[in-house]
Every structure is written in structure tokens, then in C-alpha cells.
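Look for chain A in each of the two complexes below; its partner is chain B in the first and chain C in the second.
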Partner chain A sequence: MEKDEMIKKMVAILADEFEVEAEVIQPEANIKETMHLDSLSLVDMVGLVNEEFGVEIKTPDLPTIKTFADLYDYVFTRM
Partner chain B sequence: MSSPACKVTDIASLIPQRSPIQMVDRYIFEDELNCQSELTINEDNLFLDELGYMSVEGVLEHIAQTSAAHIGYLHRLAGKTISLGYIGDIKRCAVTGQMPAAGATLRTRVSVVSQVGNVTLVSAEAAVNDSPILSCRMKVAED
Partner chain C sequence: MLKNMDEINHRRVVITGMGIWSCLGTSLEEVKESLFNGKSGIVFDPVRKEMGFESGLTALLKKPELKGVVDRAHRVFMPEEAQYAYMATVDALKMAGLDTEYMESHDVGLLYGNDSSADAVVKSVDTMREKKNTRMVGSGAIFQSMNSTVTMNLGCLFKLRGINMTVSAACASGSHAIGLGALLIKWGLQDCIVCGGAQEVNPFSIGSFDGIGAFSKRESDPEKASRPFDIGRDGLVPGGGAATVVIESYESAVKRGAPIIAEVLGYGFSSNGDHISSPNVDGPRKSLLMALEQSGVSKEQIGYINAHATSTSVGDTNEAKAIYAVFGDQMPPVTSTKGQTGHEMWMAGASEVIYSILMMKNRFIAPNLNFERGDEDTCKLNIPAKRIDNYDFDMFLSNSFGFGGTNSTLIIKDVRG
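== the complex of A and B ==
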């Protein structure tokens, strides 16, 4: 899967799961603020990424994933 | 950490609930991500409705205790202390069959979807006589 294709799929599933407009999911936007994630819903995002892309986000890595661009890079380099 | 499938009947060593609120009789460890459990529903079960059928809340409690038992078992394998578990939230809950009556055996499969810190997201399906009756996603937070 090309990175552009991965990003398109990621945006679609995140927008659907967290009920936000796809347009607000911009690469430099903060993930937690944009999708209103708390410590409980963060595990939903991790599960979604695991199921849809086969990439397990390790708990110690989470603090390094602040923006959607961080997330795309993390997932794409591990697919 | 994986070990062969193992049945645990000493549920009290994995979860704090005791009769009459204990909703798991047998816990079967499959691997780090998967387990099963069983509950034979007694006539004095607290979650039976006035017609003698298990309530949806009872099945959800059974799933929560199964999840907590699995997390506790993994802690035991790792030589860690077993913590209390709480339901964080429940999503995608679908009732797909008739709730069981007293005397039936509820069998549930739980799979870990993801884990972040002390919060575990599981996917669960409960069945009676191999017929699914309820599925959901549940978050269990450890104390």
C-alpha cells in the first residue's frame, strides 16, 4: 500500500470511529485534541490501527505520536 | 509468555468477586490474546429476571469478569500482582440470541484487541450451546 493510500484509509476510519469530519484530520493537527481522545478512547485508536493496518502501537511509543503526520509515519514505516 | 491452554477453576485467585456476584466458573487460557470462560447459571443468580432468564447486564458482567480473569492470569504468569478491574466502556453491543435461563451454561470467548497502559480493549462473544447470544467490545481498566 502506498503512503497516500494508507493516509486516505486512515482518515476515513478515524473520522468514522471518532465521529469527526474528515476535513479536520490534517497532518499537523493534534490527534488527542482533534478527536477528543482521553485515556480510555486512546486504546480504541490503537486497536483500530492494529486491526486495519496490522501495526501495533507500543505504549512507550504513544507519547511520540502527537500529530496525524506522526501517526502516518509510525504506521507506514511498520506496515 | 505464552503457555499451553490451561483451565483455571480457582477463579477466586484471579478476580475479587465472590458468590453470589461471581459470574465465571471456569476460565480457560488459550494464549496472551485469547481466552474462554464458562458459567453455569444457577437458579439463585442475581442477574436472572422475573421470568428466570439471564439479563443482558448479567452477560456483560460475565464478559467483564472473564476479561479481568484473563488480565489477572497474564499478571500471574508475569509474576505481577493482580489488580482490580473496572468496566471502562462498552461499544458495539449486539444481542443476537435469546438470553439463557437457569441451568444453561454460558460460554464466552474474549480476545484482546489492544492495550494502552492499564486499559485493555477486548472483543467478546457469549454463546449458549454454540449459538451466539451477545457480542460487544469492552474496555477494562485496572486499578
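== the complex of A and C ==
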């Protein structure tokens, strides 16, 4: 899967699961603020990424993933 | 032991709001019509047969659509029974005139009956077994899986600040919740409590119940399957949903200008101390007598008995014996609304208070659906097979009994404006 295709799929599933408009999911936007996630719903994002892309975000890595661009890079390099 | 509630406190406990989500309807008006017309909420579910059920019979009810109503972040904490309870509670609070501003500034309590959340447990365990990764279960699973899921959800959603507790007493849960709430109000510890009962309706929740042969096998005629007190009964039909009853001190209701619908006069309870699934006669009899004693009313004043009778052989017979032992020849009409709803289990004690109030307010008694002929004991009761019209009564008694021998009896009096 190319990175552009991965990003497109990621935006679609995140927008659907967390009930936000796809347009607000911009690369430099903050993930938690944009999708109104707290520490609990962040767990759901981790599970969703694992389910859809087969990539497990390790707990110690989670604090380093602040923006969507961080998320795309993390997932793409591990797919 | 104190003999009369008045010795404890003279505070009266009144009902100021009701809401329901059941197989008979999702509004009080719709449920009243269903009761009046003797509608059955029972269907045959082929999925259950594919899962290996002895009986595919179940109540059928709508699923609430909460998307756009409750935030996604909170919806993930809500199993189906919490969703039913939310819908019922929205209506009950509206009727009682209780808004968020009031509840944030007063200690409104919450006592709700619930005794399982099997669907959430099964799904999370399936995920753990398959994925070998607890984080794949999702953030909502722990909150959905706990027995107190209904009260933890309602307490947060409605900003309730008083007592917050789930009452788990099998099929008497909803009734005990109202009774215990009434005591807290009488004792002056709370002014207003959101009470009720909720019951999930999915195959996982009652598969093991089916496995002990408790359900009716009359699959060819689902609407005839639940037949409390009838000699041809062959087991219960599982149902569910949620029912919310707002109870309040009379003073609080008057001060708020809330509608006063009825009064909780008395609460009786007992434990059989006997077999885990097979009820006896003495435990229910004691519960009935205690409710009468605590109410300070005579049996002649009871205009209607809403029986627990679930359409099982031993249960209905022993309840009939208990009712006859107490009421004898002074027998008011006795029905079990479970002929229409199936057994709403953890919810039943609360929903049947609402069904009975709707009948009392509208001066009718719904037919004991599918009652054609009694057995040696049930024929001693006054069981109407047809609807009784123009029946004016202002007080009823409602029984709820559960596994483990837990018994609860409520006596409710009409309040007319």
C-alpha cells in the first residue's frame, strides 16, 4: 500500500469511528484535540489502527504520536 | 422490628415520573394501548435455534438510536440495557420536570435494578481469545461488562449527585430498587431518586437460562407461549428493556410543582432460604404480609394484584398458594402482564409498576393473556382472561420474585388531582 493510499484510508476510518468531518483531519493537527479523545478513547484508536493496518502502537510510543502526520509516519514505517 | 413506617418517619413517597422502553411500546401512551388491546410482544427468533437454543422464543423490541443523541465517547460505555435505561430515563425525568440544572444542584439519587451484562462480557472475552491482546477489546468493554453498568452510565449522563447503586436481586431487582429507594426517602436521607430496572435482550444473556429448560417450547405459536397461571403453561419467555420510575418525597414534589402520579405505600421483602431456582410458598407469603403491614392498609383495600407469575409450573402454583394464603376469599383481580411481555427479569419489578399504574389511571385491567383454565391452585385466584373495563381501583400490589429466593412486594396507591 502506498503512503497516500494509507493516509486516505486512515482518514476515512478515523472520521467514521470518532464521528468528525474528514476535512478536520489535517496532517499537522493534534490528534487528541481534533477527535476529542481522552486517555480512554485513545485506546480505541490504537485498537482500530491495529485492526485495520496490522500495526500495534506500543504504549511507550504513544506519547510521541501527537499529530496525524506522526501517526501516518509511525504506521507506514511499520506496515 | 418496627411495625409501621410511620414509626420511622411520616414522610410520604410519591411517584413523579415514569418512562419505559419495552416490547409493548416505547412511550407510556403506546404501552397503555398495547395493554388495553392485549397485544403480545413475543416472537420466534430463528437465530437462537441456530445457536442451539431449546427455545427460540423471545420478546421483540426496538433498538434505540443514540448516534447524534449521546456522544460517541460515552456511547462506547453503554451496552444495550444501558441504552434502554437511558431512553426510559429521559422520558421519566421529563415527566417529573427534572432538568440538568436541578440535578447538578440537588442530590438526586439513582437505584436501578440490573443483574447481567453478558453480551459485553462475551464479546470482550471472544476478542481476548482471538487477538491475545487486551487493548483490542476497546475502551468501553470494562464499563459495559460490569453489573453496575446501568447506574454508572445514567449517573454520569444525567449528572446525578445522590446515592448511585445497582440493585442486583435477580428477577426482583427492579422492585427492590423502588422499595429501597422509598425507604431512603422515608428516612429522610434522599429527597428524590431515579429508580428502575433494565434487562438486556440478546441470546448470550439467557443462553444458560435456556439450557436449564426454563423456557416455553411453544414455538409454533409465539403469542400463545407465555401463559401465566394457565394449566397448559410450559415455561417462561425471556424479554427485557428498561423502565424508570422517579420517586420523591411528597414535600419535594409539591415544592417543585411536579406531577404526583401515585404513592409508594409499602415495601415487603423476604428470602426463601431454600432452593436456588425452585420457589416456595412461605417466602412470598411473608413478603406479601410485610408489604401490607408496612403500608398500614388492609387486604380489602387492594384493588388489583400484579403477580410475578412467569408461566412456569412451580413458580405460578406457589405464588397462587401464597396469594390465596394472604387474600383468601377477599380476592381482587390477579393478573400477570408477563402473558403479554414475557419475563422482563431484572426490569420486571419496575415495568410492572408502570403497567399497573397505567391500568389504574385508565380504569381497566389488561387480560391475563392466554389464561384459559387454571390448575388446582391457580383456579382459586380471580384471574380475568378478558380485559376488565370501567374498573375503578386506587391501590394495587405488585410481586417480584427471583432466583435464590429473593422476594419483593410493593403496594402503590393512586393520587388523583
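Quick note on the criterion: the second predicted complex is superposed on the first by the 79 of 79 C-alpha atoms of A that agree within 3 Å, B and C clash if a C-alpha of one lies under 4 Å from a C-alpha of the other, contacts with A are read in each partner's own complex, and residues count from 1 in each chain.
We take it that contacts are C-beta pairs under 8 Å (C-beta built on N, C-alpha and C of every residue); 3 or more make two chains touch, one makes a residue touch a chain.
Please read all numbers here as calculations on a predicted model, not as lab measurements.
A.B. asks: Check the residue A:1 against both partner chains and state whether it touches chain B (first), chain C (second), both, or neither.
C.D. replies: A:1 contacts neither chain B nor chain C.
A.B. asks: Of the partners chain B and chain C, which touch A:62 in the superposed model: first, second, both, neither?
C.D. replies: first
A.B. asks: A:43 in the overlay: touching chain B, chain C, both, or neither? Say first, second, both or neither.
C.D. replies: In the superposition, A:43 touches chain B and chain C alike.
A.B. asks: With both complexes overlaid on chain A, does A:51 touch chain B (first), chain C (second), both or neither?
C.D. replies: both
A.B. asks: One more residue to check, A:22. First (chain B), second (chain C), both or neither?
C.D. replies: Neither: A:22 stays clear of chain B and chain C.
A.B. asks: Which chain A residues contact chain B in one complex and chain C in the other?
C.D. replies: 40, 42-44, 46-47, 50-51, 56.
A.B. asks: Using the touch rule from the top, collect the residues of chain A that touch chain B in their complex.
C.D. replies: 39-40, 42-44, 46-47, 50-51, 56-57, 59, 62
A.B. asks: Can you list the chain C residues touching chain A in their complex?
C.D. replies: Going by the criterion above, the answer is residues 67, 71-73, 76, 133, 135-140.
A.B. asks: Applying the document's contact rule, which stretches of chain A touch chain C when the two form their complex?
C.D. replies: 17-19, 36-38, 40-44, 46-47, 50-51, 56
A.B. asks: Which of the residues in chain B come into contact with chain A in the complex?
C.D. replies: 88-89, 91, 113-117, 119-121, 139, 141
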